[in-house]
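Just below sit the structures, each encoded as structure tokens.
Each of the two complexes below includes chain A, the first together with chain B, the second together with chain C.
On to the complex of A and B.
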């Protein structure tokens, strides 16, 4: 069975790992909203936000290389918006407000916008990595539930997490079977094979879901799941919340000034 | 097509988040009425299916490969409301665990790929079936059209949201996004036709699942 691809590094130990999931969720949400609403010109504020995240990455002992690799995800979007830069010309900007790069005239305001978006998304992605790489997924779901996230959604999420490994195993078995019987082939044959694979995956998944539901039903499932584990807030959580929120809110207010 | 944080301005992401919350609440209520407590295991396992199906690569022209979004497939197989919920779950996981799509932009991605991708695709599919007169047997043209449109419309909505935020100019971004995804949508359409055709052959009863 393929394990651990979904919440990699969450089984390690660090001050960040031992925080309550609620603490981390609240800090993440506040951080992302603060970063996204900071004006693009506040370069200093973004630098300080970056320092805060770097500090939590170091504290959490998540490899920095892993964080940097994940940041590659936003590159296509930055390139997409950057490609439209030469086409943005604001009527209010005069000749002094543009610069010429490689013979193309670019509006300064437009450049600032794309640059801001790139920095903001990089900060948000890094913060999310720290959360998910330092919290096991079931614990994260508990945190969401205790923060009054809709119970139905949390329970569907937990079922998805429970079965994702089983179903990915199923996909890999099918791909192995296909590869060992028919290597390569023309494009159309491979497209048809992919279609058939997804089709039979659906049927197998649906039948599995029925069996799961029946066995839950026969054990008395009534739409509710009880757990023994109760996360508890500690003084460490309190300290972290005060420091983190205090620091980031100060940076945000300073950046807007 | 997953929009990261920072690319939408505040008014846009707040409005889309509110819209997505409303649509999800509606979808939870509608699916519960049809499925009862069976909703939880069934939708959870099927969300895992869409997630895993997105891992199956298929070859696209020029040696590159693509994977599919699955919104139209989910809508055709499960009905529109369950499909919205399944796509919402998949997007939440992709955002939180894989940083694919931003947290404040989650609503925008849910509207594009869930509400627009699945809801409109379902409407187009039903409309196509009615015109072509297939009854319960899925017509390839209706399935292809629905899947192709789900990709093009989701991409167009994404371009429009970026344009409203002032990130890209609408005149250039909309044709560019729609044009590129008109090509990607062909792959989505073909795969969806093959999958639905296969299920119609092997387990036709699954295409008659309770739909609202």
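On to the complex of A and C.
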């Protein structure tokens, strides 16, 4: 069965693709911290951060439409959680700091917070999209491992990547089997069928986990995850780190001034 | 001939109390290929899971002179390579290479040796060039072969396979039988594919209800129509023709 893979464009070739995964991870983490700590009113700084992302998208040859599409999937969730911020009344704000729309008091400072949350999340998420789209997932995991991310976490992510599609396949097969027999049944009946499906999916997944663990044990797994190490960073990586971090840190300092 | 595997009086109950193995006795000589046949629910997989100590029932199991005990477990798991029926259970890493290297890495081998063994095992199953692929990008037959490579890279003395030919198309099945022919270690193969058992196995054990009903030359066991049908199996047509002529 066909799935959209998160590392769909990772087999292309570009300056961004050929970077070491560690370089990309370090740049991403720094970028996210810089963006999040920039004051909300520094609109110019956010514009420049956006330019940086746009530049990496162009360099990586990932279609801009793909980045925007994925962004559109994630940002609404952030907005949903931020949407209630303007409704919170702040004791420090005076009568002129709020507007009344349809009888609801909206705090101006809160509005700025929502705007900040939207812009910051969009920037951070698009940086992550560029990272995951331009790096093969296993390589990304190797990078995390070599940056000494907790092995258990890396292992969990690796299992997730390996089995998410196996599980989705199982769901699709169950849905087909259900659809072939539910010829226009009542809604309530179908809802009940969906409930049973979720239950049996849980049991199947649980049993699979047991078999996977057995197969790991069969091959001498004793709780320690052993891995192989690979070559060091290139000069291209160093150049990218210096340029990227130099640029973004400057933007951040300028934005705070 | 020395025994690779000796099982005496092996009992095992499922956690819910149902009996899965009810006194299994079996000897597999070093170098031979032993088939295990039996209807669904006979206990074939349960028996195989005992061979490297994944399950532990009551009874005595000896693997190449080592008694199945906690202190021997590590050595036994290096000796017995178990290939699971569903390759999606066997291949759990993000890349084929990582999976094939998993066993050798757990054996504390040097990185060069690990890489060499992984490449060699993939070559043996004709999967060279798939090192960096993710298992979910492979076809079922490819996954099946990669699963076997994950065991071959550990260089086991005893190869245990659970339904190696299930869900393979005739060409892939033929290919796999040829592959197993070329692997000369002691092999234990559990399967419903009686044609494959007839081709690969010198001796066969018939398992039903958690007991070994009969053990003997494969042709004698599979050719005994009454015995086969009494145990929910049937003599493969190819073998019938051979017996009649």
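In this section, the second predicted complex is superposed on the first by the 205 of 257 C-alpha atoms of A that agree within 3 Å, B and C clash if a C-alpha of one lies under 4 Å from a C-alpha of the other, contacts with A are read in each partner's own complex, and residues count from 1 in each chain.
Keep in mind that, in the parts below, a residue touches a chain if its C-beta (ideal position, glycine included) is under 8 Å from a C-beta of that chain, and two chains touch if they have at least 3 such contacts.
In this text, all values refer to a predicted model and were calculated from it rather than measured experimentally.
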Fit or clash - chain C, chain B, common chain A: fit
Touched partner set for A:112, first chain B, second chain C, both or neither: neither
A:222 touches, of chain B and chain C: first, second, both or neither? both
Partner chain in contact with A:150 - chain B first, chain C second, else both or neither: first
Chain B versus chain C as contact partner of A:132, first or second or both or neither: first
Partner chain in contact with A:70 - chain B first, chain C second, else both or neither: first
Touch count on chain A, higher of chain B and chain C: B
After the two structures are overlaid on chain A, angle v-u-w for chain B, chain A, chain C in degrees (C-alpha centres, nearest 10): 70
First (chain B), second (chain C), both or neither touched by A:141: second
Touched partner set for A:208, first chain B, second chain C, both or neither: both
Chain B versus chain C as contact partner of A:162, first or second or both or neither: both
Lowest inter-chain C-alpha distance for chain C and chain B in the superposed arrangement, angstrom: 7
Residues on chain A lying within both footprints (that of chain B and that of chain C): 137, 158-159, 161-163, 166, 208, 212, 216, 221-222
Touch list for chain A against partner chain C, complex: 136-138, 141, 158-159, 161-163, 165-166, 208, 211-212, 214-222, 224, 226-229
Chain C - residues contacting chain A, complex: 49, 52, 54, 74, 77-78, 80-82, 84, 86, 88-95, 98, 101-103, 105-108, 111, 114-115, 132, 134-136, 150-151, 154
Sites on chain A touched by chain B in the complex: 6-7, 28-29, 32-33, 35-37, 70, 73-74, 77, 80-81, 84, 87-88, 113-114, 116-121, 123-125, 128-129, 131-132, 137, 140, 150, 152-153, 155-164, 166-168, 170-171, 175, 187, 190-192, 194-203, 205-206, 208-210, 212-213, 216, 221-223
Complex interface listing, chain B residues touching chain A: 3-7, 10, 13, 24-25, 28, 32, 36-49, 51-53, 55-59, 68, 73, 77, 85, 88-89, 92-93, 95-100, 102-104, 162, 166-169, 171-173, 187, 190-191, 193-199, 202-203, 206
